[in-house]
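Okay, so chain A shows up in both of these, paired with chain B first and chain C after.
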Partner chain A sequence: MGISIRQVHKHFGGFVALDEINLDIPEGELTALLGPSGSGKTTLLRCIAGLERPDAGSIHFFGENATNKPVKNRGVGFVFQHYALFKHMTIFDNVAFGLRIRPRATRPGRDEIREKVHKLLAMVQIDSMARRFPGELSGGQKQRVALARALAVEPRVLLLDEPFGALDAKVRQELRRWLRYLHDEMHITSVFVTHDQEEALEVADRIVILNKGAIEQVGTPEEIYDNPVNPFVYEFMGRVNLFHARFRRNESGAEGKAEMAPGQPPVSLFIRPHDIELQRHDEDGKGIAAKIIAHKVLGNRVRVELLTPETGEKIEANIDRKTWRDSKFNTDDSVYFRILGAKVYKPDATWSDYVI
Partner chain B sequence: MTITLIGREPPIIKTVLLTVMFLFLGVFIFIPLVTIFSQAFQSGLAVYRKAIASPEVLSSIKLTLTIAVVCVPLNTVFGVLLAWAITKFSFPGKSVLTTLIELPFAVSPVIAGLMFVLLFGAQGWFGETLQSWNVKIVFALPGIALATLFVTFPFVARTLIPLMQEIGKDDEEAALTLGATGWQTFFRVTLHNIKWGLLYGVILTNARAIGEYGAVAVVSGLVRGETTTLPLTIGILFDEYAFSAAFAAASLLTLLALLTLALKTMMERMLEREKIDR
Partner chain C sequence: MLDVTGIAAPGAWAKTGNTSLPGFGLTLGLSLTYLSLLLVIPLAALALYTARLSLPEYWAILADERVSSAFCVSFLSAGYAAVINGFFGFIIAWALTRYAFFGRKLIDALIDLPFAIPTAVAGISLAVMFSPNGILGKILMPLGIEIAFSKAGIVIALIFIGLPFVVRTVQPVIRELDREVEEAAMSLGANFAQRFFKVIFPSILPALLTGVALSFARGVGEYATIIFISSNMPYETEIVPLLIVKKLLQFDYVGASALGSAMLILAFLLLLVINLLQSWMKRDGNAA
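Coming up: the complex of A and B.
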């Protein structure tokens, strides 16, 4: 096991940032800590790095207790959201910093340092800028320097705190893919913090969902997306339509027609916008009548807002642009929608604050 | 923003404000400055040179410089320590400490001086003990140094605290994760980040250390040629109607002040430039 976190607790004043966290991070994998702001994900990362000391519990690195080890002896590489490059040093000196400050006995020779730094800079594709200063680089370039700097000391664990959070959308996309590629090359045990589910799904081997200082679910991106354990995780992983309904027929889900049927226990029905299909006519009698009250074209998808005349519920559908065009749908049309997939949670399942 | 707002006012207001401002500056700053130098050189260059070279003035220059040499490094170190403690750690009593830094600014320098006389004077709390050890603090160099230390204490900390708060902890934490020790982090990272702010604080400390009158007057005892700093000597000479000598010495202090202003402005520019880089 790479990193084992046992019973870790941390509070700031009256605010509980981490509540009895137990987590195993496998060696050589890229793990994402995903959660809304205030969920404790950054605190957990900083506890792993040693930048924050847990109030209780222990953290083991590769079987060795590292709870009380000072930061500088932990062998972690840390990448900050705002790069934290030393701005009075050149790019080269930034990357060489961790090697040059070593005590004489373990410090590599001058030529060795130069060779290593250039190799790292070549790997992050900024070797040509070695003699520039951080102020002359773009955000994406700065973050790549920060990564090279963190890797220069050959850490056993690489920790990244919202590494792409300060970058614009296109650069973020690019760097995500590049981080994944880099990880596939190096296989260093890595943990990164993000609040962006798309980023976690795209980059990580495993995702840890945090909420209010506790872990909600741990799993591969597929597991998390396909089988969210509770409404919080479901809602956090994407947009969702929520019905409080009672089932008249067939309680198993997809085929049942959700209606307000009195006498049955209420359930919550979660439907992703892309699991809703629009039709002109109710061909098989399973459709629900609705009116398109607004639509917005988003690239190759169309976001459609529907209103059911019977119950007055608002539903968001997300259909592909071709269907939208071929069927000649438009705002104010009367249509029927069908639910292709839904998830049902009983009222006792963990509730969340994220209801649209 | 401010400029455009003023631009919308009737032009007469701008003219009036500017006139008042220049009149004020002229009466309170420019004319006095000219007076100091014209008085100093009134009786000719020879007299000026003689006044400066008199043993009394020379010894007071020496004392003043000694005080600056002692106080400025000490308060630089204290100031950095204090700013470091306040910005990097959280501890009980932090807000009280932050407020206390301002105390030397809030209290009259005379009271600061009196405080040291009460503590270390012959009739003071530690007076007898000090006498039995044969240590003289009040009416001697150590007392002057202590009073100056007290009065100039806030400058470095006060310039550094907001600067260090703005810079944040990321750079230091990055250095730590890369394996740096506390010292390495301070000398290789922190010091570079705060250097212009630190120099700015040091220059202000130096200016005040050289120019302090009130606190030093109380603890010095005005032993001529021994415990009179340059500002005190100027006061004494003036009281004795030795105007040329007084103004000659004053011109020296004024020159120092102008130099300080120039350096201060330069530091401010450098600070601004760093801010843009950040």
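Coming up: the complex of A and C.
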């Protein structure tokens, strides 16, 4: 096991940032700590780094208790959201810093350092800027330098705190993919913090969902997306339509069609916008009548806002552009929608798949 | 006299060319007018007055042993004081910004006192304190350390006068230090000394130099504080400003302006060097 976190607790004044966290981070994997702001994800990362000391609990690195080890001896590389480069040093000196400050016994020779720094700079594709200062670089370039600087000391663990948070969308996309590629090359145990579920899904081997200082779910991106353990995770992983419905039992006694009908105990029905299908006509009688009240073309998808005349509920659908165009849908049309898949959350806190 | 109007075409004056920020002509015009009234014209008058002397005459005045030793006293004392202020001012600024403790606000307010106290008052109290019967003089005298009426007294007076310049220029820079930069250094394996000398100090150094330069400039021109604590002995503890006053009292206006202009040139050159040093250190630009 790479990093084991046991019963870690941390509070700031009256605010509980981390509440009895237990987590195992496998060696060589890229793990994402995902959660809304204030969920404790950054605090957890800083505890792993040693920049924050947990009030209780322990943190083990590769089987060895590192709870009381100072940051400088932990062998972690840390990448900050706002780069935290040494502004008075050239790019080269920034990357060489960690090697040059080593005690004489373990410090590599001058030529060795130069060779290594240039290799790292070439890897992050900014070797041509070695003699520039951080102030002359763009945000994306600065973050590459920060990564090269962190990797120069050959850390056992690489920690990244919202590494792409300050970058614009296109650069962020590019760096994400590149981080994934880099990780596939180096296989260094890495943990990164993000509040962007798309980023976590795209980059991570494993996602840890945090909320209010506690872990909600741990799993691969597929597991988390397909089988969220509770409504929080479901809602956090993407846009969602929420219905309060009641079950009507069909003849066989099995739970059948959910309806917005009174009388039965209420359930919550979670439906992703792309699990809604639009039709002109209600061919098989399973469709629900609705009116398109607005639509927005987003590249090759169309976001459609529907209103059910019966219950007055607003529903968001996300259909592909081709279907939209072929069916000649438009705002103010009356249509029928079908639900292709949904999750049901009952008041007794059970959570199940529900397919209509 | 000066052809500075507020309606000069901005493009022609601004270095950046087509600046979109309005008011360039107006603000620059006002600045130049203000500065010429306040600085350039009086200084030009000084230069004109001095120009009545031929170069050999000018040189003869400066080469006088009493004058040259006064220059030595003035610039050396100001230099010593500035360096000492640089060191302790930095520590004070550090302590006041980096740590929270009881009475911090009070101490912070005390720093500005030398700005507010009339310099004569400061000079007299320092002189009394270090005189053979003063609180500190009583202790130091038997040890053979003579401060009042000596060169050391001048330096102490200048330290007193110059300290706020260092503290006040360094403080905001320490406050703005990026915590994450230190944490980054920590994660790379740097111990406290390495973080301080390789990361923190270099980013404060330009501001510290400014503070030292200001303290120095103030010290060179200081008059009132020093004449009370110094014995004002020619060749020993006589400073240039005092010599100028003495010349004025003897109606030697040309001689006084010669000393004044020489002081001006020396101080200007020193400040220029410090400024150049600073811009060389800041060559990375302060862009975040």
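One rule holds for everything that comes next: the second predicted complex is superposed on the first by the 338 of 356 C-alpha atoms of A that agree within 3 Å, B and C clash if a C-alpha of one lies under 4 Å from a C-alpha of the other, contacts with A are read in each partner's own complex, and residues count from 1 in each chain.
Quick note on the criterion: a contact is a pair of C-beta atoms (placed from the backbone, for glycine too) under 8 Å apart; a residue touches a chain by one contact, two chains touch by 3 or more.
Note that the coordinates shown come from a computational prediction; the quantities given were computed from them, not determined experimentally.
Annotation: superposed three-chain arrangement on chain A; chain B versus chain C shows a clash. Applying the stated contact rule after C-alpha superposition, one finds that A:L340 touches neither chain B nor chain C. Judged by the touch definition given at the top, the superposed model places A:K87 against both chain B and chain C. By the document's definition of touching, neither partner reaches A:M186: not chain B, not chain C. Legend: residue contacts after superposition of the two complexes on their common chain; A:V76 is shown touching both chain B and chain C.
In the overlay built on the shared chain, the residue A:I101 is in contact with chain B and with chain C.
In the superposition on the C-alpha atoms of chain A, the part of chain A touched by chain B in one complex and by chain C in the other spans residues 49, 51, 71-74, 76-78, 80, 82, 84-88, 97-98, 101-102, 135, 146, 149-150, 152-153.
Put simply, chain A touches chain C in their complex at residues 49, 51, 70-74, 76-78, 80, 82, 84-88, 97-98, 101-102, 133-136, 146, 149-150, 152-153.
Partner chain B is touched in their complex by these residues of chain A: 49, 51, 71-74, 76-78, 80, 82, 84-88, 97-98, 101-102, 135, 146, 149-150, 152-153.
For chain B in complex with chain A, the residues that touch the partner chain are 170-171, 173-181, 184, 188-189, 192-193, 277-278.
Here chain C touches chain A in the complex through residues 178, 180-181, 183-191, 194, 198-199, 202-203, 281, 283-288, going by the rule given at the top.
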